[in-house]
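Chains: A, B, C, D and E, in written order; residue numbering restarts at 1 for each.
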Amino acid sequence: MAVGSSVLPTPVLQTAPPVGDWVALAPVLLLGLTALVLFVIDSIDPDDASGGGALAGTAAVGTLLALVAAIALLVAGIGQGQGGALRLYGDQLVVDGMALFFTVIFTSVATLVIVASYDYLRDRVYQAEYYVLMLLATTGMALMASAGSLATVFISLELASLPSYALVAFLKDNRGSVEAGIKYFLIGALSSAIFAYGISLVYGATGQLGLEAIARSLSGGTQLVGILGVGVLMVAGGFAFKTASVPFHFWAPEAYEGAPAPVSAFLSSASKAAGFAVAIRVFAVAFSPQAVVASVDWTLAFWLLAAVTMTLGNFAAATQDKVKRMLAYSSVGHAGYVLIGLAALNSGQNGLVLGASMIHLLVYGFMNTGAFLFIALAEYWEVGRTFEDYNGLGTQAPIACVAMSVFMFSLAGLPIGGGFMSKYFILVGAVGTGHFLLAALLLINSALSLYYYSRVVRSLWFEEPADSLDIEGYPFGLYGAVVGAAVVTFLLLPGIFLVSDAAISAASALFV
Amino acid sequence: MIVELLIGLCLLGSVVLFVAPSRYAGRLAAGWSLLPLALSLFMYAGFSGQGNAFLGGQLAYETTVQWVSLGPYTLNWHVGLDGISMPLIALSTVLTTAAILSAWTPIEDRENQFYGLVLFLEASLVGVFAALDFFVWFVFWEAVLVPMYFLIAIWGGPRRKYAAIKFFVYTNVASLVMFIGFFALIFGLGDSIGSLDMPAIAQALRAGELGSLAGVGPATLKTLAFAAMFAGFAVKVPVVPVHTWLPDAHVEAPTPVSVLLAGVLLKMGTYALLRFNFTMLADVAQRYAAIIALFAVVSVIYGALLALAQQDLKRIVAYSSVSSMGYVILGLVAYTVYGVGGATFQMLSHGLISGLLFACVGVIYNTTHTRMVDDMSGMAARMPVTTSMFVAGAFAYMGLPLTSGFLGEYFVFLGTFHADFPGAAWFTAIAMFGIVIVAGYLLYAMQRTLFGPFGVATDHGDGGAVRTDGGEDADSGAEHDIKRAAAHDVVPLAMLLALVIVLGVAPEISFGMIRDAVAPLLTGGAG
Amino acid sequence: MPTRPHLNLGSHLLPGLVALALFAVLAAVFLTSSFGEAAGFPTDVSITANIGYALIDLQRLGTIPTDGFLAALLIIAVVLDAALDGAVMLAKREGDEKLIGIESTRTDGGRPRDSAAGGTDSGSVSDTASDTRTGTNTEEAN
Amino acid sequence: MAVAVQYYLLLSAAMFCIGLLGILTRRNALFLLMSVELMLNAANINLVAFSLQYGNLTGQVFSLFVTALAAAEVALGIGILLVLYRNFGDVDITKATTLRW
Amino acid sequence: MVATITAFAFEVAPAIAILPLASFVIALFAGKYLPKRGALAGIAATGGSLLLSLWVALTVAGGATYNEEIYSLVTTPNTFDLHFGLLLDPLSALMLVIVSLVSFLVHLFSLGYMNDEGEAGLPRYYAGLGLFSFSMLAFVFADNLFMSFVFFELVGLCSWLLIGHWYREDAPPSAAKKAFLVTRFGDYFFLVGVVAIFATFGTTVFAGPESFPTLAEEALAGSGGAGGGAGGLSTFGFGPGAWFTILGFLVLGGVIGKSAQFPLHTWLPDAMEGPTPVSALIHAATMVAAGVYLVARMYGFYALSPTTLAVIAFVGGFTALFAASMAVVKRDIKQVLAYSTISQYGYMMLGLGAGGYVAAVFHLMTHAFFKALLFLGAGAVIIAMHHRQDMWEMGGLKERLPIPYYAFLSGSLALAGIFPFAGFWSKDEILFEALVHGIGGSPLLLGGYLMGLTAVVFTGFYTFRMVLLTFHGEPRTHTARNPHDLGWSVKTPLAVLGILAATAGFVNMVPVGTILGLERIELLHGWLDHGISGLTVEHYGELTHDFAGYTTGALAGSEVLTVLLSAGISLALALAGAGLAWMLYSGPNPEAHTERLGDVRTLLMNNYYQDEYQVWIAETFGTGVARLSDRFDQSIVDGAVNGVSEVSLLSGDRIRRIQTGIVSNYATLLTLGLVVLLLTVGLAGGWFL
């Protein structure tokens, strides 16, 4: 930042990031800059419905570059290791392994979604706005992952949320899309109010907003357990909204169903991951001191959230008629699985349980995005949205259907994709920390999920196609994104070691 | 690297078949399946393992490569064979070839996918028997479900979707229960192990290094983990009362799939029981031996009684599998050379025999389009060779001497009768009564279907019985044209029957290595 | 839509009880907590100036302790930008209605439209109609 | 002279809950937007009050950000409201129920 | 080894069984290409077996014996040894000769009965015969109980194959199933017995110092018969005596099944559905004989348990009487023979139970000859009658079929026990043993004796009723007037067996020997008294004396008198029965006198409703319980599974209704959730204090 003026005393310079730290923020900056470039393109040539290629291409290149940057930083070991986190802007931003890991998730999802959107949005207006909003939301997510203070947490969370509201309502003349948008927005606004109030109470209990400062302030215990407790839970509520956890999940089925499918993909994968990223950081860094946990047992809260979330999500998903809504509920269910990581914190296996959650989010980023993008493909083909409408699709579009089957089985936790590994890692974590009840719930829900995921597979492959089933064309972008996601999902089964080490060490590094 | 080569061959074959044209898929698959078959037999012939894989024995064809590190644990790609896994791998490859051949006739739709899935299944099965790292093992263990689900649900009978999903969910729940139980043990072991290497875990557990987990003491933890793992594996075996997926799956599955299901998949359950419950937690198994034996005996008798009440040939064989697998459990719990070794031998034997019987039923079904005992009679007049095979298989199933079926059961009885748990003799004696009931229903079924005046009910065809026949059979409405089975239908039968007899006359071929692998398990106590 | 607010007591107020319950909980917590004496701010310092410093991470120039908010400031600039962009996109009324709506039914799973409506002349009216129909269908289906 | 911080808290709690009450009981989307503003401002009261309590400015500065965000939120909210009105002919949020279960 | 010079006979002894096995394989795979469809191979093989058996017998006669393991199934260093071995001693050598002889003759006869009649499925038939011979021969020379069980079971399979030979009809497959199932039921106990003997003694070999009878004997002798650990043997909580009795009973289960003793005899009459040569084979030398042979084989073990012996004797005596009574009313010639078979094996059991080891083996031998003869004779009649079997459709065949007639008559006289035919000597000896041991201190045996004695009357009656109805009088049907011609292959076996039936009894003329004081005339006794120690008559005598308390009594203190009296009574009774038959049926057109028996006849025709009650039991406790289990399985066990899934889906449907679509409700629930969360965690953390 250009604050290094000669007028200023030297200590100020220390807070300004040196050049190396610029590099650390490269993914975020790349995302933001791409959004700006898109603005420029749009202002040069507005209202161009046919210029989708350039826009989507630019956006995709931007996210891809950000992805590459994040991976490069991860590989280079920037900010990683115990105590190696890079603190920028006076602890307002932190770049460490976890932030980069999650940035990889966001940018991967964004890339896939943008590639798919190229076909989905063909001949539509407001494409530039669409990509800009998506990039800005991605930027917000990346910032969430590296937020170092409740202030940046809150603001970056809003940066991720506000474009999302608009994206959900993107199909302005579609009642479903608009209704989804208003519901998402209202629940979101309520949640952010609760979140803000929670932050104010945490500030009230500690006098600090910086995460590590809060931890320091709390390390000696506090008299204001009640205020802190309410604050912590309200903050948790804010994250629960973002991650679509019960009882802050109500927007999710509607939003995912009503939104354009690529946006659903984006929200259910990346946005959820972002919520978890920030939740993990806040709770692991700020609220972890033993003195807090004794009186404000937020692991109990997450325990309850996890239990209810996965149960409700899976049970509701089991009886859906529409595939997209089923996926929406299943997404709620998966939030419940990941919450186990938070519920099992401070039981002696922090690196393992959090790492497992992070791995699951990464795999989920691919498999769930892929699944929603397959829905996008179906919407593109206009085959209908119920399970029955998908009957026999396997005969018409075998490759996409194989990909979809990979997603479904991987989501269900069968060894056809990385979802198998990550889900069982979570289960390992739950068992290893003695959360047998959660493990049992996970078991029940997993069985149920197998049932409804396999319904999709059954429709695709086992049922006779309706006579009217006829698909037109094989859109390159959508196909590319779906198949790409499937390949990565599959490869993450044997290749899970590529990410598991990074995730677990990043998670371990959060704890001093 | 030879195990990897074996698995790789199967997987490669799977991929090749998926892209192969359907027309040649059957022949290509059969040909390809000979490669793993030959390789596994080569491995069998050159087998050099000593002792039990889990108890520090010398392994054959072992590989270890680090794969994933999961928090405190390292997951390795660790495979290797001992005298228990080697025969089971051979069984898998043999039955796969047999199943592929027996699929030529009934599978007329999407053949390439069918055979591709079968080869994928084979790869998973080999993996299950070869893996020595828990997670690797678990990947294969669960991977088996996927091709099986498709195989039942696409090529199955009228209620195939119900059966497939039931199989799918039921066994998956079981896996999860088992998984939780196993990891409770792992974490109970604490820092004493750094990887999920099953032999290391087994030895640590046997050395009594188990600590407590989440406030649960070692003894209780062990018992609970044992119960969870037993429950999990019991579904796969299956043990009464968690057996009900099996008849549905068998009845709906196309015959070649039934061959594999009964022949190999059920063995996964008992194999796992042997490896986990009865090797790692031998003390618990011995403490609760009587209860486990009770489950086994109930399975034997109850399964046989259920088979007695059935009208559908496949259901009969399916329930009798429940009964036969009960013997395996009974043998395992005995902790004698003949008990555990016999149980393993019975796995092989039952695999071959039930595969043979299912294949026979399939051949009959191919021409009659019914499996109902009441719907046909006197098939022997039209299908003499198939009938002979059926008869031979049925008698082997009944435990006729000089077939492997006799020895499998006999070893088990011999090993269990004087086993060290209370009431062993009584349990054995009651279980033996299964041989009478099994004779009852198989003889009844054969008498009704194979013998007597010839006749087939023609009004039974419901069009949807087999997806692939879809009513295009021109003369299905008229008198059934019951022909002799084609050579390629009979070859797998003959192959399996030959093995059944060879193993029945010269059990040492496999019992030798089995005994060698089982012996270290039996601490103290002569045979 | 009511043109002016009027008091309407009815069952729809019932959910309000939940808000009251929350208030009860909050009050119970707040009133039982005890704070020390407020530290307060020095009276001779310009708080506004300090806030200004804090906003651009120059709090060392000020005297009242505070976190730096430069990062937040930059981010919120982007947030406002995004909100504006989104709001404008949504609020804008299309002059040319032709291009929208071609895929308007896609999130309904792309229910088959009238073949005549495809491509060129699907006006907003027919789209709304088709959406309405879709909506009701959904309700019926459920 | 200084008011005890509990009373600020009580005030903010009251404001928060009044806003919440509005959200729970009103059907007009505009009222909902206002109610959300009210709740955010309840947070601001807390922030400012605690800022004074602890003698650091963090809370005060942050309250500015909250206000800014409230504005952004309303802007977007109004946008969505507009399209809601265009599609449903009403801003009654209970009317939009095509997506459920 | 006793004599290395003679060892060569023993070296090739396995071939006695292997040859028929080879013929089985040849007939099975190449039968349809061979001139006589495998018959020649079978004849050659069994002929070879016969020669080898004779050689072995001669070698054994020379004093040599053989008891060696030849093939080990599994190598088991520290535990039970499962192997096949050869035990060639006088008993098995004798039995080998009998079995191979009968088998050879049956093969020969089949040429006439099957080939000449143009039957289908001949390769299968000869394969079955070959396998049958193989199994039985191997069973005979088995050196351990495990091997016995193996071939015992195979014998069962063969009976199934051959009884069900005409599978295109309804009855034969059903009969085959019944035969296998009923014997399987018995074999179940046998199986338990074998396993239990393994578990108890660690071995199942018959002979030698480490054999289980020897070990049992030592255990009983060592422990003095009173409880406790029996010389390191595990007796499963019982006293050794009681446990050995249980073991004996368990093995006896198999014997009762295979030898068709009451109550498991019901399969045997049905088994007449098989081709008649097969009936001859089954009844005379193979399957049915196997049971009795088994008891004889391990007699050293049974002799230790008085209870078992008594039960054997009693069951035997009862079966003898019971079956004989049913034979009285049958119309079908083969049925009469079937019941007579049951009855005769009852005698053998009586003999074994009564301590008459030699007598029983003697009867086993003579019966093999005369029953094979009778069946083959009946077969000849059936050929002649164009496969009609009802005796009331026959009559007057004497003139038209002279050779079968005289052979049949010879067999009948032997069966009825008329002096001096073979049956007289052997049956008389059994009754004599029962009598003397009965009066010598085991009065229970007298019950068996009396039943056996009563059965003699019936035997005489039904035998001659059969002979008279079949061969005497006027032909009652057209077929009987014009019988089918018979070939040499039919007549030769009849002639051979006719001679044997008449003369085989001379090998052990106990009454003559006793009266004349010529011990050496009891050739069979002497034959069975040498060989491997522990398997000799003398040893068995000691055992029954020491452990079962069998002592020889005598009427009026005179052994000679007793012998004479016993022989006299049984002969008189046999003659009485025969005479009655002569009185009733000797005319040219005999009446159906049994009709006059009324209800009794109905009862006898229905075999005392034995089948009915067994079927009832099987249906109630088999099928009935199976049906119940099935219903239970479908409704409760599987119902629970499906119930879980239904409840899940139903609750899923309820849960999703929470999502009402109205956003206000969402907000309410959200707030509610928050409040609940606050309260829960708050109460847990104690914030409100």
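Brief remarks on what is shown
The definition used in the following text is that a contact is a pair of C-beta atoms (placed from the backbone, for glycine too) under 8 Å apart; a residue touches a chain by one contact, two chains touch by 3 or more.
For clarity, every value in this text was computed on a predicted model and none was experimentally measured.
Note on connectivity: the fewest chain-to-chain touch steps from chain B to chain D number 2. The chains in contact with chain C as well as with chain D are A, E. Distance between Cα centroids is largest for the pairing of chain C with E.
The count of contacting C-beta pairs peaks for the chain pair A-C.
Taking the CA centroid of chain D as reference, the farthest chain centroid is that of E. Of all chains present, the one whose mean CA position sits nearest the global mean of protein CA atoms is B.
Inter-chain centre distance (chain A to chain B, centres taken as mean C-alpha positions): 42 Å. Centroid to centroid, with C-alpha atoms defining each point, chain B and chain C lie 59 Å apart. Measuring from the averaged C-alpha position of chain B to that of chain E gives a distance of 37 Å.
Chain geometry summary: the mean Cα position of chain A and that of chain D are 25 Å apart.
Residue positions of chain A touching 2 or more other chains, listed in rising order: 151, 155, 158, 162, 165-166, 169, 172-176, 182-183, 186, 190, 194, 208-209, 226-227, 229-230, 253-254, 257-258, 320, 451. Of all residues in chain D, those touching 2 or more other chains are 5, 9, 16, 20, 23-25, 27, 53-54, 56, 58, 61-62, 65, 69, 72-73, 76, 79-80, 83, 87, 93, 96-101, listed in ascending order.
Across the assembly, chain E contributes residues 645, 656, 659, 661, 663-664, 667-668, 671-672, 674, 678, 682, 687-688 that each touch 2 or more other chains. If you check each pair of chains against the touch rule, the ones that pass are A-B, A-C, A-D, A-E, B-E, C-D, C-E, D-E. By the touch rule above, chain E contacts chain D in their complex via residues 656-657, 659-664, 667-668, 671. On the side of chain A, the complex with chain C involves touching residues 1, 3, 8-9, 11-12, 15-16, 32, 47, 49, 88-93, 120, 123-126, 129, 132-133, 136-137, 139-140, 143, 149, 151-152, 155-156, 158-159, 162-163, 165-167, 169-177, 208-210, 213, 223-224, 226-227, 229-230, 257-261, 321-324, 378-386, 389, 468.
Across the complex, chain A is touched by residues 645, 648-649, 651-653, 655-656, 658-659, 661, 663, 666-667, 669-670, 672-674, 677-678, 680-682, 684-688 of chain E. On the side of chain B, the complex with chain A involves touching residues 67-72, 75, 135, 138-140, 142-143, 145-146, 149-150, 153-154, 160-161, 165, 168-169, 172-173, 176-177, 179-180, 183-184, 186-187, 213-216.
Partner chain A is touched in their complex by these residues of chain C: 25-26, 29-30, 32-35, 56-58, 60-61, 67-72, 75-76, 78-79, 81-83, 85-90, 94, 96, 99-113, 124, 127-128, 131-132, 134-135, 141-142.
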